[in-house]
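Each of the next two complexes has chain A plus one other chain: chain B in the first, chain C in the second.
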Partner chain A sequence: MSANTKEQILDFVRARYPQAEIDETQDIFALGFVNSLFAMELVMFIEKTFEVTIPNDELKIDNFRSANTMAELVDRLSPARV
Partner chain B sequence: MTTLAETAPGILQVTDRKSARAFVDTHIVPYADAYDRQGRVPEELLERMTAAGLWAPFLPRDTGGGGMDLVTLGEVHEEVGRGCSSVRSLLTVHTMVSWAVQRWGSPAQREQWVPALGRGDVLAAFCLSEPGAGSDASGIATNVVEKNGGWVLNGVKKWITNGQRADLFLVFARTATSIGAFLVPRDSPGVEVTPIEDMLGTRASMIAEISFRDVALGPDALLGPSGFTAGMVLTGTLDLGRYSVATGSVGIIQAALEACAAYASRRTVGGSLLKDLPLIQAKLSDMVTDARAARLLVAEAGRLKDAGEASTIMATWVAKYFASTAAARHASEAVQIHGANGCGHDYPVARLYRDAKVMEIIEGSNEIQRITIASQAEREII
Partner chain C sequence: MSAISQQDNQRNGEVMTVIGVVGAGVMGVGVAQNLAQTGHDVVLVDKDEEILAAARATIWRNARMSRLMGGPALDPDDVLSRITTAVGADAVAKADVVIENVTENWDVKRSVYETMDAVCGPDTIFVVNTSAIPITKVAAVTGRPDKVVGVHFMNPVPAKPACELIPGFHTTTETVERVRDLLSAMGKKAIDVKDACGFVSNRVLMLTVNEAAFLVHEGVASAESVDEVFRSCFGHPMGPLETADLIGVDTILYSVEVLYEHYADSKYRPCPLLKQMTDAGLHGRKSGRGFYTYDAK
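Up next, the complex of A and B:
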């Protein structure tokens, strides 16, 4: 899992919520950030930034709880590197 | 039966603003006031739109679409909105449903619906509002329950654009855990369509109330993910609808400007042409300025959509809010410039005035837009 991926995700969340103190393990749902708009923005950000398409069956809450789980999702969806 | 779409080689394919303007000037502008009075768009025009490839040209080429970018789509919808907001409204809801199926549909759903939606063989309507819930989507009462491996739908949707004519409804309904989107063919047993006549504006957009009584749907009726992301189907679809309404509002400003420029160049008062009076010049210059500003806001929202940028959602709220309020203001001034002539059927400005008011209400009222814009700004800035 790329540290850079996690940092980019954290940067996006922090840009949307500058007042939040958040790290890669924190559950953003528990912090009360997520509504349908932010969920849409998150999906658009991940698809655009990491050039992946998130299929419906990966749009599960556990994949979006933290920067760590989102980075794992990106890794799973990215073409294997050689 | 041979359709016009198959036998009309003279009908121009709409691929950009220029071809859209030519289509609209030929096939829509001369008849828009008649559509308004008749309260419907004739089948002949729907077929001409099919022949021109107007229904969903943004769909990918591998599905039979034209692969049109969303900036260009916005320009096309602006031109249609310049000609007739009712026709543009039909395009808006069809665009929303076509996009939703393409974006969120399973491979089987896409195969079943997308090519037909792209061609316009199947026309679609977006069913969210209810007698007791409009902009407040969380207040909807229509519900579905899982039964025998499928779904059973009950409820009433109201103010449904193209509900009188559409073949396929995208219905938002409350599930056990969230709000889901369901594809419901019009001919499903238990679906009843009741036309709503004599609306204030967009009178030809064939609005209806639609009742769903124990409508049995298969498991494949659910569109998109369930759970926490189910709301994204609604958010994303409304975003595109809002974009189309914003473009249509720019079209209304442009139509008001063109009508007023023509009238002010012919009409005299006290021996002077209206166009030479400073108060009239002030109104026309404000129309020019707001048309350009609104067009730029819309283009920016479209550019961000094409780039896949999350910030397009905020950009679209701003564009819709600005363009629709400007359209209402300038359509009112257009009636004022025309005087008593503006209140009758001989000029299009009364229709523009009534249609513009609707733009401030649909796809999220402007009060909701302002609350959302402010809360987004607070989130990002404060």
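Up next, the complex of A and C:
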């Protein structure tokens, strides 16, 4: 898994929620203040930043719970990046 | 201009109801998507093709994200295939029901209703999607005040299970029940509220958002702190300023101005910060920046 991918995702999440301490394993939706609208922003951020298209069957909340799961998703969608 | 013929209006030998949706902003787009994903044929209109192209893109994207947002899994192409778009309010001439969602500005609303009343058949029901403007006032500019009823949809429309249903002074029970049935088919519970400017929701919510904006304006607290009080202390899922960004800061301002004008009561005075943000284009999520900054679309 690309460390850089994970870092870029973490930077994006931390920029939106500077008051929270977020690491790569943390379930951001369990923090209590991240709602599903942010999930939509994550999709747009990931598709734009990593130039991938997330197929409909991958658009489920479990793929966006942590920087780790998101980086895994990016790696699955762009194998050349690994 | 797209006139929907009776032939287009039939599917499997059964006459289907065509719903006109006027205004392709945040609310109109949500209403059109909700109708389409529950099997209705929709004619969505606005004043120019650029707005309609953006609306189609938004509906496709939101339908795609539906499951992620806690809604049903949808095929975005299927949802969009039920929606015809056209320029000008006269394009809803053949609709059985028209749901109007234009900006909360009386002059704009009045002009749209005059056009709709002139082009639609006498049996067409007009649904006023407003958060503040009295339904009786809207009905009075049409020749069919018995067939005008208010529905205050909540945003995002497809995700919200309920709405306010508001008859005007002359609205018949038949009209109210037909619209209640349509709302039920859209998956919505209708909560009956009488016709008073702002109804229940906005009499309370707009004052809360306006006062929250005053707190930021006066430097008493940051937007983050105001919202955190509501989330952490009151257990609300979102604070008032996040809500303002979701609704649209400009829409909040217009709603507060409508309340202020209608009741002539200084408790509804709009916060200057809302005016400045509206002028500066800081309209919330839809513009990428409001009380918070969002990823540019």
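In the analysis below, the second predicted complex is superposed on the first by the 78 of 82 C-alpha atoms of A that agree within 3 Å, B and C clash if a C-alpha of one lies under 4 Å from a C-alpha of the other, contacts with A are read in each partner's own complex, and residues count from 1 in each chain.
FYI, contacts are C-beta pairs under 8 Å (C-beta built on N, C-alpha and C of every residue); 3 or more make two chains touch, one makes a residue touch a chain.
Since we're looking at a predicted model, the values are computed, not measured.
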| item | value |
| --- | --- |
| Clash or fit (per the criteria above) of chain B with chain C on chain A | clash |
| First (chain B), second (chain C), both or neither touched by A:I61 | both |
| Partner chain(s) touched by A:M44 [first = chain B, second = chain C, both, neither] | both |
| Which of chain B and chain C A:L31 touches, first, second, both or neither | neither |
| Touch count on chain A, higher of chain B and chain C | B |
| Segment of chain B that clashes with chain C, given the candidates 2-10, 20-28, 38-46 or 254-262 | 38-46 |
| Touching both chain C and chain B, counted on chain A across the two superposed complexes | 12, 16, 35-37, 39-41, 43-45, 48, 56, 59-61, 64 |
| Chain C residues touching chain A - in the complex, by the definition given at the top | 64-65, 67-70, 73, 75, 224, 228, 231, 237-238, 246, 285, 292, 294-295, 297 |
| Chain C contact footprint on chain A (complex, rising order) | 12, 16, 19, 32-33, 35-37, 39-41, 43-45, 48, 56, 59-61, 64 |
| Interface residues, chain A side, partner chain B - complex | 12, 15-18, 29, 34-37, 39-45, 47-48, 56-57, 59-61, 64 |
| Chain B - residues contacting chain A, complex | 104, 106, 224-225, 227-229, 231-232, 234-236, 239, 307-310, 312-313, 379-380 |
